[in-house]
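Listed below are the structures to be examined.
Next come two complexes, and both contain subunit A; in the first it sits with subunit B, in the second with subunit C.
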Partner chain A sequence: MSYESIIVYSPRSLAEALDILAQRREQIRPIAGGTDVMVMIKDGVLKEKELLNLSYVPELSYIKESDSSILIAVRQIGSPQIQNLGTIGGNLGTASPAGDSIPPLYVLNATVKLQKVGGSREVPIDKFFLGPRKTVREPDELITEIKIEKMEPGTYYFFQKLGLRSANAISIVSAAGSLLLQEGTVKYLRLALGAVAPTVIRAKDAEDAAKDQPLTEQLIDRIARLASEATRPITDIRGTAEYRRKATYGVVYEALYYIMKGMGKKVEYGVESGS
Partner chain B sequence: MEITVSFFLNGKRVTVTAPPAKSLLRVLREDLGVTSVKPGCEAGECGACTVLLDGQAVTSCLIMISQVEGKQITTAEGLERNGALDPIQEAFIEEGALQCGYCTPGFIMAAKGLLNENPNPTDEEILEGISGNICRCGAYPRIVSAIKKVVKKGVV
Partner chain C sequence: MTSTESVVSRYESLNRSIPRIDSEDKVRGTLLYVTDIRLENALYAFTFRSKVAHGKINRIETEDAEKVNGVKAVLTYKDIPSLNGYGAIVPEIPVLAYDKVRYYGEPIALVAAESVEAGLEALSRIKVDITPLPVIRSIEEALDDNAPKIHEKGNIARHTIVKKGNVDKARASAYVVLERTYETPMQKHMYLEPEGGVAYIDENGTLNVIAGGQTPYRDKLQIARVLGISPDKIRVKNSPTGGAFGGKDDVTVQIHLALLAYKTKRPVRLTWSREESGIAGFHRTSSKIKLRTAAAKDGTLLSNEAAIYLDSGAYQSFGPTILDVSIETINGPYRVPNYYIDAYLVYTNNGLASAFRGFGAPESNFAIESMMNELADELKMDPIDLRLKNILRTGETGPFNNIIRHSEGLEEALKRAKEVFYRPDPSTPFARTGVGVAVAIKGVGFGTLPDFPTAAIEVVPEGKVRIMFSNVDYGQGINTGNAQLVAEKLQIPVSQIEVYHSDTKYSPDTGGSSASRSTFNAGNALLAACEKALSELRLEAASYFMTSSSSVTYRGGNFYYKDRSINIYELAKRLRSRGKSTFFEATYEVPRYPEPVEGTLEVPHMVYMYGVMVSKVEIDEMLGKIRPLEVDFIADIGNVINPAIAAGQIEGGVIQGLGYSLTEYYSYDKDGRPLNINYTTYIVPTAKDSPMINVEFVRTYEELGPFGAKGVGEIGIIPVGASISDAVADAIGKRPYRLPILPWDFI
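What follows is the complex of A and B.
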C-alpha cells in the first residue's frame, strides 16, 4: 500500500476516535507516534488502507499519580528523535517481542486499558500479548491507559539491553527487573526478558530461586542460569538462538552484579531516580 | 484523496495540499522546496531528516503530514538570525565537522534539539543527543567537538 492511497481519519476527541474504530474495525489501524507504521508504509507491508491518527486526541496524553498506582497514558519511549515521537501505547499495540518498554511493564505488573464505544476492560500485561505482533485487542478497541504499580522506596531496578548500536537498535536480548534487598538478602526479585521468546516473559523460576537468599555471586549465577533456561529464542538476522540464551545469562548477571556491588539504581521518594 | 494542512515552517505559516499519509520529509522536500532535510533510510534509523517539531528533534520521515496541523517545524533553513548563522552552524564550520555533508543538517538539528532541552549537556549527554544520527564519513569526533565548543561558549 503506497502512502498515496491511504485514507487518514484525524479525530479530535476520544469519543470520536472510538466511533470511527467501531465503524471501520479491521480496515483501520491506529497510528500514534508512527515510528512503526510509517516504516511499514515505506516498505509496502501495511495491510490496512486506513489510518486512525491519534495526534489530536487530547485525552490520550497524561501521566497521573494516585496513592496506589501511577497511571501513564499513551506516552513516549525509545533514540532522542524516536523518543520525541513514539508512544507507550504504540509500543504495546505493535507488539514486537523486542519492544523496549514492555519488559519494564511486566516488572511493574502493568494493566492495559482497552476502551471501545460503550465499554472498557483492563487486561494484565502478561495476558495482553498473544505472540509476535498479536495482542488481545479487538478491532474496535483502543489502548487508552496503562496502569503500573508504584515501586517501594529502596527498590533496585534495572533495564539492560544488548543491541548493535547504543540508539535505535532493535534488542537482541533485553532484561528488566526490580529487586528489594534487606541486609543483603533478597526479599523479592521480579525479572522480565525481552526478544528471547514469542512474547516478553517473566522468569518465574529465577524469581523464586532468589527469594529470601543472600545476594552472592553464587546466587547471581543461579538466577542468570534459570533466566537463560526460561528463554525460547529464535535465530534471526540479529543473532542465533544459542547466542540469545548465552547473552540472557550475561545481561542478567551484569545487572545483578552491579546491584550486589552497590552500583545499582534505587527508587527514591517513591518514584524512579536516576534516568 | 488529498488534505490541506497548515503549519508554521521556520516561523512562517504555510499551507500545503498533499496525500494525508505523505511523510513530512517528502512534503518539505517535494512540495515546499526545503532540501536541507535529507532522505536517508526513511525508517527513523539515520537521523538525516531530523527537524524540530515544537522545539524537539524528530525524524521527519516518520511523521505524516496529517499530524502537523498548527505545529512549529524548524529546519536548518530557519536557523539563521538576520543573516548570521546559528552558533551551532558556526562551530561546525570552524571545526570542519563534516566530509560529504549529507548528514550535517540532521546532526545540526539534533544538536539544536538537545541544546533546547538542555543548554549545558555533559559530554555523555552530547553523545546521547546525537545517538540517533549516523555519519558514514565518520566525522563524529569533529561533530562532537563542534557541539562541545558551542556548549563551552554558552551561546545557544
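What follows is the complex of A and C.
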C-alpha cells in the first residue's frame, strides 16, 4: 500500500473524533505518534485504509493530579528523538507484549478509559489486553485517559529492560516493580513482566510470596524464581525462550537486591528511591 | 589519543587533523547524495524479486503488468541485449534470473513507470511460475554428498590448497597441539544510504549512471558488457555515497538503471528500500574454520593447519579473492614454518555474499587470534609475549615467501599494549570483568594482482589545483587525505585544492575504494602526476627566468631564481596562452611480487597494516549482558596523513566489529527467507553501545607509500571478534568459538 491511498481524518475536538470513529468503525485506525502505524503502512500490513489523526485533539493532552491518582492524557509522553512522537495511548493501542510503557502501568494499577459517542467505561490495565496486538477496545471506542495510582512515599520502584543494544531496541525482557519496605519487611510487592508472555503479566505468585516477609537474599531468590516461572516466553529473532526465562530471574533478582542493599540510586539498573 | 607530532610534514599539510573538505556541506545538509538526486521527467523503477530461495523458473508473465496505465517498461532476461551476467571476479550473477532462482529476493523483472503507484501496481501483476527446489542454508548442507546442486558444477565455487613444509613432522615434535573450530556470521553493511541512483541518456547520447558505488570504472565495464555497447558511451559517477564498507564494491543497481534508461530512453530513478537492501544487498561471507595449531614449549609456533570454509551465498562476487585474503591472514603476522591450508568457497541459497571491510581477514583473524590466546593459556604464557615471540621481524621471509618490509611498528604496538593489558574492577556485585587482546594484519591493495592506478592534477591559472582520481569518498575521507598529500607535495595550502573524483567523465581510472588502497594507490599516482607538473612548470619557469632549469628552485608554490620568483598559477597562465595543457596525468605501478603463491590468486601482499586491540568488558552473567568498557587500539598504518580521520576509521571499524562480535547475525529461515532485514531486527550498535575507544598510532614510515603512508580503512574491524571474545573468556572462564557472542550462548 502506498501512502497516497490512505484517507486521514484530523478532527479538532474529542467529540468530532468520536463521531468519526462511530461512523467509520472497522475502516479506520486511530493514530497518534504513528511510530508503529507508519511502519505497518510501509510494510503493507495495516488493514485499515483510513486513519484518525489524534494530533489536533486538545482534550487528549494533559496530566492531572488528584489526591489519589494521576490522570495522563494520551498524547503526553516525553522522551527525546523519535520516541517523543510516541504516546502512552498508542503504546496501549498497539498492544505489543514488549511495549515499554505497559509494565509500569500494571505496577501502578492503571485504568484505561475508553470513550465513545454517548458513553465511556474504565478498564483495569490487566483486563485491557487480550493478546499480542489485541485489546478489548471496540472499533468505535477511543483511548482517552489513563489513570494511575500514586505510589506511597518511600516506595521503591524500578524498570529494567534488556535489549541487544542500549537504545532503540525492542525489549527481549522487561520488568517493572514497586515495593514498599517497612523495617526490612515487604509490605507489598508489585511486579510486572514484559515480552515474556502474549501480554504483559503480573507475577502474582511472586508478589504473594513477598508479602510481609523480610527482604533477604533467600526471599529475593524465591521471588525471582516465581517470576521466572510465571513467564510463557517464545523463541524469536530477538532471543530464545530459555534466555527470557533466565533473564527474568536475573532482572528481578538484581532490582530487588539493590533495594535490599539500600542502593536505590543505582542508575545502571534504573532503581531510584520513590518519593 | 593520537600522535600528532609531525613526522615529515614540512609544509603543514601532513600529520594534521584538518577538517574534512566536504564537512561543511554535510553539516549544512546541502550535500546531495546520489539517492537524493531527482531528475525531471524521470520514471520510477522497481524490482520484481523471487519469493522462492531456490527453484526452477517455468514461466514469467508480464503482459498484465505492461497494461497498467503509466507503465513504460517491464523487462525480463529476454530484454538483455548482451551478457546476462555480472560479478567482480566471475560474471556469473544473472542481471535478471532466467532458468533458476538461487536466493530469496533474486531479481526477475524490472518495472519503470510514470508514478510510484503505477509501478507498484505493475509489480503486483507480474506472475511467475517457479518449481521450488530444496533450500541449502549452510556450508554443511552444501557440502553434503546428496545436496542438490545450486549450480551445474556443484556447490563448491572454489577449492584450493596452499601449503609449506611438513605439518605432520612439526606437529609430532610439538609440546602443545590445539584443534578448534571457529564460526563467524554473515554480516550486513547497514549503510545509512541504501543502494540507489539515477540514469539518463544525455544530449550526446552518453548513458549516465549516477549511483552509490565504490569502483566506477569497473561498474562501467560491467554495464557495457550487459548492454553490448562501448564503455565510451557510458559515464558512471559514484559520489557522494552514504556508506559502502564493501557492500557497493560490486554492482548493485547500476546495471538495472542502465538497462531501464537504455530501453525507455527516459531518465530513471531506482532506490532500494531499507528492506530491499536487507533482502537483496550484499553481506559478509559467514565462515567455518577448523584450525590445528602446534607450538613448542617456549611458545614457538611450529605448524598451522587450517580448513577454511566461506559461504559465498548463491553466486560468487568477490568470493574467490575473499578466500585468498582469508588464506593469507590465517597465519597471522607470525613465523609459521609449516602450514597446510585447505580452503573452500561454497555456494548456498543465502543471498549474495561479497566484499565487506576486512575482506576475509576478520573471519580468519577470529580463528587464529582466538587460537593464539588459547595457546597462551595452555603454555601459561602472557598472550602478548607469545605474540612478541612469534611475529615476523623486518627483513625476515614470511610464510608466503614474502620479505617483511616493516614490522617494527607491530612490535612497538604490542609493547604498548602490555601497558594497558589489565583486568578492570567490576562496577556492580553481579558483574565480572575481563581483558582480551588480538593482533590484526591486512595487506594494502590487491597483492600480486596487477594494479596500475592513474590520477591527474590540473594547475588552473585562477589559483586552483584540481586533483582527479576515481576512488570514491563514501565517508571515509579520502578526498581530504589525497588533498593533503598533493598540498604537501606542491607545498601549497589545502584550500587551493579542488577534488574531482569517482566520475568516469572527469577522473582517470585510479580503481575503486577498496582493500584499504585509496591513500596508497591514488596518493602515489597523484604524487607522480605532481612530479610531472613540477617538472613541466620548472621548464616553463626556467624559460621565464631565461636560465637553465637546474638553477631554478621551488618552494611553497613558487619557483625562484636569484631575487625573482613566479608562482605555479602564473606559469600555468603562460603555458595556456601558448595552447599548452596544464593537465598532468600519471600512472603508478603498484609494487608487487611477480607471481602469486601456488594455489592462490593474489597472495602475498607487499605492504601490510597492523593493529593490536586490547578490550575490557564487563559481563552480567545473570542477565547475559556483555558490555565493552574500553578499547585500546594501537595501529601501524605507516605515516598518518590526517590523525583525526584515521582514528575515525579505526573507531568506526571497532564499533562495526563490536556489532559483528556481540549483536549482529544476519540469518535466514528454513525456506531461505532473510529474517532481519532492517534496523529493528538487525541490531547494529549505536553510540550508546560504544565503549571508550583509545586509538594510538605508532610512528612508522613505509618508503613505498605516499609520504610514508600505508592504509587504514579495514584494520579497525579485523581483531575485534578475537579480542572481545578473549575478554569474555577472561571474565567467565569459558572461551567462545562462535560470533556473535549472544546472551543466550552463555547463561
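In the analysis below, the second predicted complex is superposed on the first by the 259 of 275 C-alpha atoms of A that agree within 3 Å, B and C clash if a C-alpha of one lies under 4 Å from a C-alpha of the other, contacts with A are read in each partner's own complex, and residues count from 1 in each chain.
Quick note on the criterion: contacts are C-beta pairs under 8 Å (C-beta built on N, C-alpha and C of every residue); 3 or more make two chains touch, one makes a residue touch a chain.
Being a predicted model, the structure only gives us computed values, none of them experimental.
**Q** Using the touch definition from the top, say if A:53 reaches subunit B (first), subunit C (second), both or neither.
**A** Only subunit B; A:53 stays clear of subunit C.
**Q** With both complexes overlaid on chain A, does A:6 touch subunit B (first), subunit C (second), both or neither?
**A** A:6 sits against subunit B, while subunit C stays out of touch.
**Q** Contacts for A:251 in the overlay, against subunit B (first) and subunit C (second): which applies, first, second, both or neither?
**A** Once the two structures are laid over each other on A, A:251 reaches subunit C alone.
**Q** Per the contact definition in the header, classify A:164: touching subunit B only (first), subunit C only (second), both, or neither.
**A** second
**Q** With the two structures laid over each other on chain A, which partner does A:242 touch: subunit B (first), subunit C (second), both, or neither?
**A** The second partner, subunit C, only.
**Q** Just to be sure I read the superposition right, which of the two partners does A:31 touch: subunit B = first, subunit C = second, or both, or neither?
**A** A:31 sits against subunit B, while subunit C stays out of touch.
**Q** Which subunit A residues lie in the overlap of the subunit B contact set and the subunit C contact set?
**A** Common interface on subunit A, subunit B vs subunit C: 4-5, 39, 165-168.
**Q** Taking the touch rule as given, give the residues of subunit C at its contact with subunit A in the complex, in rising order.
**A** Answer in residue numbers: 116-117, 120, 275, 427-430, 620, 622-625, 662-663, 667, 675-676, 679-681, 683-686, 688-689, 742-744, 747.
**Q** Which bits of subunit A are touching subunit B when the two form their complex?
**A** So the residues of subunit A in touch with subunit B come to 3-8, 10, 31, 33-35, 38-39, 41-42, 51, 53, 55-56, 79-82, 84-85, 165-168.
**Q** Which residues of subunit B touch subunit A once you look at their complex with the stated criterion?
**A** For subunit B paired with subunit A, touching residues are 1, 3, 19-23, 42-45, 47, 50, 53, 56-59, 61-64, 66-67, 69, 110, 113-114, 127-129, 131-132.
**Q** In their complex, what parts of subunit A are in touch with subunit C?
**A** Checking each residue of subunit A against subunit C gives 2, 4-5, 39, 43, 162-170, 172, 237-240, 242-243, 246-247, 249-251, 253-254, 257, 266, 268-269.
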